[in-house]
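Input: structures, listed below.
One chain, chain A, appears in both complexes that follow, with chain B as partner in the first and chain C in the second.
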Partner chain A sequence: MNRPRAKSIPPKVWAGVVLLALALALLPFVAAFAGQAWVRILNFAMLYIMLALGLNIVVGFAGLLDLGYIAFYAVGAYVYALLASPHFGIHLPFWVILPLSAGIACAFGVLLGAPTLKLRGDYLAIVTLGFGEIIRIFLNNLNAPLNITNGPQGVNLIDPFRIGSFSFARPEVVLGVAFSGPQKYYYLLLLITIGVVVVNLRLQNSRLGRAWEAIREDEIAAKAMGINTRNIKLLAFAMGASFGGIAGAVFSATQQFVSPESFGLFESIIVLAMVVLGGMGNIPGVILGAILLTLLPEVLRYTMEPLQNALFGRVILDAETIRLLVFGIALVAIMLYRPAGLWPSAVRKRELEVKGGTA
Partner chain B sequence: MDTFLQQIINGLTLGSVYALVALGYTMVYGIIGLINFAHGEVVMIGAMVSLSVITALLGAHVQLPSVLIILAGLIVAVLVCMTLAYGMEKIAYRPLRKAPRLAPLITAIGMSIILQNLALMIWGRNYLTFPTLIEPTPHNILGASMTDLQMLIVALAGLLMAGLVFIVQRTRLGMAMRATAQNPQVAGLMGIDINVVISAAFVIGAALAAVAGLMVMTYYGIAHYYMGFLLGLKAFTAAVLGGIGNLAGAMLGGILLSIIEAPGAGYIGDVSNICGFPCLGDTLQEKCTASDGQLSLFGSNYQDVFAFFVLILVLIFRPSGLLGERVADRA
Partner chain C sequence: MSVNSSVLLAATGIGKRFGGVQALTDVSFSIERGEIYGLIGPNGAGKTSLFNVLTGIYMPDSGNFTFDGAPLDRLKPNEVAERGIARTFQNIRLFQNLSALENVMIGRHIRTRAGVFGAIFRDRQTLAEEASIESRSYELLDYVGVANRANHLAKHLAYGDQRRLEIARALATEPKLLALDEPAAGMNATETKALKALLDDIRRDGTTILLIEHDMKLVMSICDRVLVLDYGKKIAEGSAAEVQRDPKVVAAYLGGEVTLNLRRA
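Coming up: the complex of A and B.
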């Protein structure tokens, strides 16, 4: 069968793409008006997009509830930290470590997936949660008797990303434009994030993506249709984990410091919240969820104290507490008003409407 | 041998607390299939409220026997937690009963964050100490010591569990709960008000959680706004270990988890002591002599790893937990 070849793309779409590209390219400079902190927040938003998309493969596509996803992020981050820092005196280049991080995280994904494939729903959730905690506790304690991870202090002075002598960590003037460190990282992250998004989009409509969705909807039926459910589920774990590993390595290079504290259960839960809140299984939705949940606490951090000053004339509650409180309330409220997520996939939405109509 | 028995006694005490909390998870899960992430926070609120009541009573210099003071704190805490759980179910879970499965999980997480930060606002960031009202007098049992506080905890937990089993097995409400767990639609057709049943499961679980909160606070002597998180995690693990949705499983899981965990961590340290190995490097050799030949790869820091490892092993061989039935796939 001849698939109709892509028609020439209408100019309107082109204009949209160009505008979007321009907006993305200028964003760090706009954000810099509000302070470099906001550029860093943008960078974190992109890291979380990668994480959320990786988890979306496991939870959204294949329907396997994973509560320990942050473990793979941790593995990726530590692989980079140990192979590019004075801790062991090894300094491998970024592009060598990135595939290594992805590969090792992938191996951990298989390690977790292989024994747990038989488990269903919530049993799987608790095992993955336990796995995440095990990884974190190991990172925390592997400083004795042999110092491997440097324990709770974490690994310091990690090499920044650099091309030749062009380091991304320090500010620089290129072609008359001043770039700060975070701004340069923004472009690196944007490049990798776009790569991850494209891979995910292609995966969703591939044979593999359809197999995942079939398993999610009905595992037995999928098996009857000739899908090798065991391998396909394992592949979901492995691929999800490798995206986590990539995000971890980039995180390490951006922060130049990792410690086990960044990889607690709460992080796993937040990434899961991004996926579910955005709209499980729908890539634009997941991206929206990741951006929203990264920005929301930060916006609250900066607005809560002025707001209290304006309303009551003094600061009644400290910003840290109230911002988490509001964050919790927002999670509950969004789920109550949009149970399928903010931007559910078209199929899912249709299903829910049909169910709601007949039940 | 006596240290082993000691470990068992300590494990039994903490285990009965885990079991009480695990029952709350398992009841809710058994009926509506929701992991109530906020249940650990209910335990924390129970501990905090009872602490506030007890300190207030002590501060007012009311001349009451300490048992009555504790009882007053307990009753207030139980009532507060029951109201809290009722409200939580009504606001955050009931509207989502027909929603995709993960939606109520996220509201549960949201609820957990809300409760933690509310507690942080009310009780502050610091560890609060619990006044010693019951002087723990140790009693000698076969060479190991067990304080009367520990005995009280185990006995009270046992009593509550027996009461719960009685409710579930022998009363009309219990029958309604079991019917709803099997099939909510059909139970509804038989004239059972499902909303009442589900609320009851939450409320009873919260009452047990409040008691557990007070117990764990008296046992350790401290309370903290973050204490519910790890406790809830352990209790949930216990519930899954025993087979979630199964009352006896939750009790078994709770006691088993804490009994395995405490001595297990000690033994794994001994087993993984590497100083006996022949060909160690020079640096390791030095470290061994520095630490009197006690250099283990996995020390007691790995206590939680050990607990989760046992859980994973159990689930690999018995995918529905120790006492869980093999359920057919729900379509």
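Coming up: the complex of A and C.
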């Protein structure tokens, strides 16, 4: 049964990988020409990639509509905020809290999954929406009688990511190259994002990934084929939530400030839009969706006023108003013309050499 | 009943009611190892309900099943599949947007183990398991004759191929009893002939078959024994030839005088 699985990688592919790595490594410096704000936007794009990939497990693979996904992001962010800030005077290191954030978010995922196992579609969406709001309202109000979350003021002065005395929060010159804070974070985020992407690719292409997709396609048939749909659905909620928790912890360390405001329903909807618009269930599509939906509003923010000036000689609609308008129209147009998403999943071909091959 | 008993499945007094409809009333039968056991009856006789009760999709109101020497009570569909009963559906329920090969690979789910750790780290054991899932699934596609469509989406397969793919997926769970709900429905004569050959192969390779079918020619030519249901009740059981001569069966199918009057009352 020993057949060669991985053929040696052709040099063309290697060249592509090297070029991509180089581009990703230089990107924060290219973006810095347009201003540090753009480096921050890149960082947000990566946070959203993690979130969208996590939600993709629940919505894209298992087919369970979750409108409260941002709650797990909030849980991860607050776990980091409370364990690495003067609020409780606890200062645990980043790499200790990251798995904790993932684990606690995962537990919340199961907490949401367990009572909703028998729900699908609209009904599930409503319950998850309520769950997301419950978490946000808790964060808003858990400042009395015992001050846990510091209420609407949020948690401030959160520890940045640091290795020894090398803090990621301030600019620094390393080996003659000047790095700003966001540029340093870019590389941390890139590392974690690549990890998340690899884990997602492997999960999809596994026994569990197939079981998720089976439940999405036909739950009764999946059960009849022996899939324990209860456990496999709970696992989808748990895995999706842990990626949300990881993104939340990184968000906390990057921003050094969290407040319940960052975790409203609108954020859940945006992340869901990234998944649906990119191509539900297709990892490259979801990544594309996350990048586009992070960049598009920002690009519009910076181009809409100069564009109106050039066209009409004056600003008719201010940038804030028009960018949401254009954003909305773009979403509607994409969904009308590409209902399966910008980059829908294709049939996964499995090339197999079987003895006395049949294909 | 010992595991080595010649009886694979025994049903005693199965009853199921949906609101005001008594779908099944006191149905008892037993299936011998290695036989093809037919289940026939007019539309609405309760054949598919019996399937659903057997495979755990519905809970019976009364009665019980003994499968392979142990009771089959209150099990969920996935537990029934694990015990060794695999089924197909009257209205084909494939995983439409997955390839034919992936459909069969999902059938291997219950006989394989890899979890989250294996999926993420792809240790040697997981890789070996994946390779065996893939090659076994290919073999099964080949066995039912759709290997040349392995990388096509299930929904793009021809109707007869979809039916056979569903059988391959069921076989992937390594069933002791294969329950087929109208596998020949919508097939032409050539396809039905190929299906008959496939069912003969499956039996010869050691899997017992429970077959719901409306194609009487197929039922009579392939089934060792036949159970006839009408209005949720067992009206006859025996060899194909015996059942065909049974006046109650003829009445059920052609609408006999006596039964007609009873129903109008």
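Quick note on the criterion: the second predicted complex is superposed on the first by the 344 of 359 C-alpha atoms of A that agree within 3 Å, B and C clash if a C-alpha of one lies under 4 Å from a C-alpha of the other, contacts with A are read in each partner's own complex, and residues count from 1 in each chain.
As a convention for this text, contacts are C-beta pairs under 8 Å (C-beta built on N, C-alpha and C of every residue); 3 or more make two chains touch, one makes a residue touch a chain.
Bear in mind that the values here come from a model prediction, so they are computed numbers and not experimental data.
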Once chain A of both complexes is superposed, is A:Lys223 in touch with chain B (first), chain C (second), both, or neither?
second
Which of chain B and chain C A:Ala211 touches, first, second, both or neither:
second
If you tally the residues of chain A touched by each partner, is the higher count for chain B or for chain C?
B
Looking at A:Val199, would you say it contacts chain B, chain C, both, or neither? Reply first, second, both or neither.
second
Quick one: is A:Arg301 in contact with chain B, with chain C, with both, or with neither? Answer first, second, both or neither.
neither
Identify the partner contact of A:Leu235: answer first if only chain B is touched, second if only chain C is, both if each is, neither if none is.
second
Looking at A:Arg162 after the superposition, I want to know if it touches chain B, chain C, both of them or none. Which is it: first, second, both, neither?
neither
Chain B versus chain C as contact partner of A:Thr116, first or second or both or neither:
first
What part of chain A is shared between its chain B contacts and its chain C contacts?
218, 220, 348, 352, 359
Chain A partner contacts - residues on chain C that touch it in the complex:
55, 57, 76-78, 81-82, 86-87, 89, 93-99, 101-102, 105-110, 112, 114-116, 118-120, 122, 126-127, 129-135, 138-139, 141-142, 147-148, 150-153, 169-170, 172-173
For chain A, which residues are in contact with chain C within the complex?
1, 3, 5, 199, 202-203, 206-211, 213-214, 217-218, 220-229, 235, 239, 347-350, 352, 354, 358-359
Provide the residue numbers of chain A that touch chain B in the complex, in ascending order.
59, 65, 115-116, 118-123, 125-127, 129-131, 133-134, 137-138, 140-141, 144-146, 218-220, 265, 269, 272-273, 276-277, 280, 317, 321-322, 324-325, 327-332, 335-336, 339-340, 348, 352, 355-356, 359
In the complex, the residues of chain B that touch chain A are 29, 33, 35, 91-92, 95-96, 98-107, 109-114, 116-118, 120-121, 233, 236-237, 240, 244, 274, 284, 287, 295-297, 299, 301-302, 304-305, 308-309, 311-312, 315-316, 319-321, 329, 331
